[in-house]
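Next up: some structures, all given as structure tokens.
One chain, chain A, links the two complexes that follow: it is found with chain B in the first and with chain C in the second.
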Partner chain A sequence: MFSALRLVRSVRPETIKYCARVFSAEAVGSKEYFDKLVANSKVVVFMKGTPDAPRCGFSNAVVQILRMHGVEYDAHNVLANEDVRQGIKEYSEWPTIPQVFMSGEFVGGCDILLQMHQNGELIEELQKVGITSALLEAEKSKGDEK
Partner chain B sequence: MSLCNRYLGRFLLRLSKYEVTTYRWMSEAASNPEEVKLKDLLRNRFPAATAIEVQDISGGCGAMYEVWVESTDFKGLSRVKQHKLITQTLKQEIKDMHGLRITTSVPEET
Partner chain C sequence: MIKSSVRSLYRIYCRATQPALAPVQNLQRVIQLCAMSSGGTVEAAIKSKIESSLNPSYLHIINESYMHNVPKGSETHFKVVVVSEAFNDLPLIKRHRLVNATLSEELGSGVHALSIVAKTPSQWSESSQEIESSPACRGGFGK
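This part shows the complex of A and B:
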């Protein structure tokens, strides 16, 4: 299992930007606050815990999927701030965490991301925001070798 | 721990192979009162549904559920919108939950 993980990681070492920065003007948890957060990166995730230490199985699943695709993303730990935790649910009108945003658009939670991963839609969606999935690259290079 | 890793490994392996698994649990009649309640709420909201399944997957505490609804109501809607129809229906109940898995589908036309 570890070797498999290492393989995935070696495809493209991930760099995850932690977004601990607090945006000045807007009140934490307001619509404007989240507007800025989700626009800050192509992919933004609100989760329980951090990518290195997820605190919930659903959040962990999202981290693992994005890792497989070698995606860089902003991660926000909702457990660190109650205003963010409640605010994001109202912002996206979605009652559960994790939540994934691409180009400022709400994409879905764990179930939807997993489905998108399984049916290949995720690769297309990433492409739309200008990210080439590591899985796609891996497949291409395999094809070149043949 | 190693057992846990093995399961996780298998899980990841399955994901990485893009294996599309249509997820269906053994359909058994909803048994506990909360499952029945959720199912009734969904049935009232989606009278046209061809399948509604609710299962308590919390392992005892009753704070995690799995829901599957198959209905023509979802036709033409994005998956986010499909799921929102469910979460809006169960809005009050979700407040007391830790987790909820939702699967929506549109019945195949015959």
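This part shows the complex of A and C:
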């Protein structure tokens, strides 16, 4: 699991570009290109920087929330590719970064994810795409102990 | 402190313009100048656009640019707190889209970050009405 996580984290935009060339004919930044990216994993995040080194407080907040829930995800650093940075905004019709996708659907940015985390909705949404939040598991095991 | 700075500004202004303008007019002009310096043109545009399209019962605009790696006095990072009937029965994402659409011009021309709190009047009155500050910058702007 951890090696898979590391692999995701180590994906660099050059690799993304390379993958795009190898596996598809879609131009980087096109709708088809993003269709594939967001469908590649249950949770996909477009952010500034990488999960290990976020370059924006809002992106960092998203990383921290997903970490709390123990979610594995694809992360794409928009600062490394201007076509991705602009393209994703048009694709989702959302003007700011970060952006979170679940099962290919746009979920929201930092504010929305934070609110979903606070009101418990995030656990439900993760469950809908087949991910059990680590927070829910921790809660369950606490219950078992009692 | 604000009062004293208004007074000193007023005195300076009076000295510069007397006796061309009546003191009352001077005071009004000083108040105008102070109001202008507390919020920039982008902030004013955000305010008027949200007011006219969402008719908010409460609106608070916070310029958070100072928290970021941008020149002093910039208008690049904002947080808006909007309480409006227009959000009734709308899921959060649609409320955000509504605000984003209202400010599309600003977002396309220099406003780089927009944090949104969008509540209905009843949600607002039930909430703590405390606004959390946005996360600290990590230096990514313009890089």
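In this text, the second predicted complex is superposed on the first by the 122 of 146 C-alpha atoms of A that agree within 3 Å, B and C clash if a C-alpha of one lies under 4 Å from a C-alpha of the other, contacts with A are read in each partner's own complex, and residues count from 1 in each chain.
Everything that follows uses one rule, which is that a contact is a pair of C-beta atoms (placed from the backbone, for glycine too) under 8 Å apart; a residue touches a chain by one contact, two chains touch by 3 or more.
Every value quoted in this text rests on a predicted model; they were computed, and no experiment measured them.
Visitor: Overlay done on chain A, so just call it for chain B and chain C: clash or fit.
Guide: clash
Visitor: Contact-wise, after the overlay, does A:M68 reach chain B, chain C, both or neither (first, second, both, neither)?
Guide: In the superposed model, A:M68 contacts chain B only, not chain C.
Visitor: In the superposed arrangement, which partner chain does A:E93 touch: chain B (first), chain C (second), both, or neither?
Guide: It touches chain B and chain C both.
Visitor: Scan A:H117 for contacts with chain B and chain C and give back first, second, both or neither.
Guide: Only chain B is touched by A:H117; chain C is not.
Visitor: Tell me the contact category for A:L79 with respect to chain B and chain C: first, second, both or neither.
Guide: second
Visitor: Does chain B (first) or chain C (second) touch A:P54, or do both, or does neither?
Guide: second
Visitor: So which positions on chain A get touched by both chain B and chain C?
Guide: 56-58, 93-96, 106-109, 111-112, 115
Visitor: Going by the contact rule at the top, pick out the chain C residues touching chain A in the complex.
Guide: Residues 92-93, 96-97, 100, 104, 107-108, 113-117, 134-141, 143.
Visitor: In the complex formed with chain A, which residues of chain B make contact?
Guide: Against chain A, the touching part of chain B is residues 5-6, 8-9, 12-13, 15-16, 18-21, 79-80, 83-84, 87, 91, 94-95, 99-103.
Visitor: Okay, in this complex, where on chain A does chain B touch?
Guide: Residue positions touching the partner: 1-2, 4-5, 8, 56-58, 64-65, 68, 93-96, 106-109, 111-112, 114-115, 117-120, 135.
Visitor: Write out the stretch or stretches of chain A touching chain C in their complex.
Guide: Listed in rising order, the residues are 48-49, 54-61, 79, 93-96, 106-112, 115-116.
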